[in-house]
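The first chain written gets the first letter, and so on, giving A, B, C, D, E and F; residue counts start at 1 in each chain.
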Amino acid sequence: MSLVRQFNEYRSMMNEKILAADNLIIKRIFNLDTNAYQAGALDIKSKELIGLTCSLVLRCDDCVKYHLGKCKEINLTTEEVHEAMGVATLIGGTIVIPHLRRAFEFWDELMKS
Amino acid sequence: MSLVRQFNEYRSMMNEKILAADNLIIKRIFNLDTNAYQAGALDIKSKELIGLTCSLVLRCDDCVKYHLGKCKEINLTTEEVHEAMGVATLIGGTIVIPHLRRAFEFWDELMKS
Amino acid sequence: MSLVRQFNEYRSMMNEKILAADNLIIKRIFNLDTNAYQAGALDIKSKELIGLTCSLVLRCDDCVKYHLGKCKEINLTTEEVHEAMGVATLIGGTIVIPHLRRAFEFWDELMKS
Amino acid sequence: MSLVRQFNEYRSMMNEKILAADNLIIKRIFNLDTNAYQAGALDIKSKELIGLTCSLVLRCDDCVKYHLGKCKEINLTTEEVHEAMGVATLIGGTIVIPHLRRAFEFWDELMKS
Amino acid sequence: MSLVRQFNEYRSMMNEKILAADNLIIKRIFNLDTNAYQAGALDIKSKELIGLTCSLVLRCDDCVKYHLGKCKEINLTTEEVHEAMGVATLIGGTIVIPHLRRAFEFWDELMKS
Amino acid sequence: MSLVRQFNEYRSMMNEKILAADNLIIKRIFNLDTNAYQAGALDIKSKELIGLTCSLVLRCDDCVKYHLGKCKEINLTTEEVHEAMGVATLIGGTIVIPHLRRAFEFWDELMKS
């Protein structure tokens, strides 16, 4: 199975289980997470770039994958994504590089699908 | 092999190898780690909740799995574990969510065994 | 001015300014933060111990101070607080020690007030 | 002295001393840091929002202050800055809140100058 | 395939793709990364010990693996590597232990090759 | 009072209070911390460089100050200290720079005393 499909399927399956647990705090965080990336004072593109780069400096592969998927949906170009990830790597240091590798791999696969 | 068994076997095998290396600092940290979760001014339940949530905010999947195993041994309920993880997710932010997914999956498997 | 009063006054003043800014995401996080430490599946004591130790391993002095204040309000003993902070220092490593110093100083002042 | 002036003066003074030390790695990082926020595939506004939010989730007060100063220079509105910081607080969790307080204080002062 | 070969092949393949993307910031970080570990005021051994331990406290498995490979190339002994990792575990806390397990496994494989 | 004296006095005073609290875990961590930097498979210089750089990438100002004091005691040169800090800044990213400023300031003061 492709990286993208594997990521999406596991994410959907587990989100469903987490929400089924009906914990109030968790449900509200999930709800807030959905709303936070809607257009407001900032447009969606700016918010996805924030989501992508914060995920990268915090070195969360799954968060990076999720936001790369969103970046593709809203038609960010490869150059824009690369540049955002370059700035994030500078901020977060060479410790970010292994996550950059996996991000490039995932983006490449997204571009082919 | 199940997630639980895979985790436990790798952990045991490598702990044995690490201790066999006979490095004084490492051995003392391992020894201290074993003792720290015994009942003292705080009971075992409080300490395992601390271990679980600190592991989650620090986003260490293996540490979360270890403490989930302990939480089951001392009969914490699913509601208690979920609520603790909810508070940890609030403290640590949405960046914790991918670790929450893997924690839910592991806890579910523990509950079935 | 005492450390405790200085911390509380700045915190109150800035929380008021932040909430006055009327940003939806921030207001909801603040609201969730208030509710999350109420008794539920876990009692208040367990939740404050989680708040204290997660703050310590994440090395946030102000968060530690806030939860120490709460720990005092709900009558945690000095031995309980010290033991919780000991476990957190073991989990988070010697890098936590400078924060432990400031936590001890703050707790001492809380105990005298 | 105002927070803004104090921050800028210390930053300039120490940057000068650091560059005078003539360490090749450090000089190249500083040089790269200057260039990275220029317009390229992404415009300056997007890059400053990335710098601001990554600094906030990594909980670096001085980095936040620096990017807030830049956000003002390029005329980001208070609503845009607040919303970006709201998303960052959601990603990074309540542990970010003490840094949010100091960020609001600094931005308020910037707005008055 | 062995852990070592798998790591090296993926790393080489992705580094090539990243450099082919021709992003200026990323290329300069990669270039700086190559130069930083050359002998200068500090010898190569000191620099690799820095690279190894910083990678461990920042809990980056791939960075640890890379520096373990380098440590072997420059003939650090197992005792030296273990002691460095012991100090890093003390600094970073028990949260480092799962990464220590994978580091021991990788070093063992390196020693056999 | 000078930065160096202020740091040393607060550190000594609080360490004394922490040890007086007589918490077993904390006492053992402090004891281990003292022993870990003695010469063993690695010499003292290598260990202090590890302590300094790990402190810097983990962005702990007080830990950096402590190890800078030790680096001076064992006669590391300014060039060695700068180079170690340069490598740490590359690993940890530009987010380390504010800590680098305070480290340079502290080292300068140490050199004058």
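Going forward, contacts are C-beta pairs under 8 Å (C-beta built on N, C-alpha and C of every residue); 3 or more make two chains touch, one makes a residue touch a chain.
Note that the coordinates shown come from a computational prediction; the quantities given were computed from them, not determined experimentally.
The chains in contact with subunit E as well as with subunit F are A, B, C, D.
For the pair subunit A and subunit E, the fraction of shared interface numbers is less than half, so the two copies use mostly different residues to meet.
Ranked by how far their CA centres sit from the centre of subunit C, the chains are topped by E.
Subunit C and subunit F, compared by their mean Cα positions, are separated by 26 Å. The mean-CA centres of subunit D and subunit E are about 30 angstrom from one another, to the nearest whole unit.
Counting partner chains per residue, subunit E shows two or more touched chains at residues 24-25, 29, 32-33, 36, 40, 54-55, 57-58, 63, 79, 82-83, 86-87, 89-92, 94-95.
Contacts from subunit B toward subunit A in the complex involve residues 59, 78, 82-83, 85-87, 89-90, 94-95, 97-98, 100-102, 104-105, 108. The touching residues of subunit E, when paired with subunit C in their complex, are 57, 89-96.
Those residues of subunit A whose C-beta lies close enough to touch subunit C in the complex are 24-25, 28-29, 32, 35-36, 40. Those residues of subunit D that touch subunit A in the shared complex are 32-33, 36-37, 40-42, 45-47, 49-51, 53-55, 57-58, 63, 77, 79-80, 82-84, 86-88, 90-92. On the side of subunit B, the complex with subunit E involves touching residues 10-11, 14-15, 17-18, 21, 23-26, 29-30, 33, 54-55, 58, 60-63.
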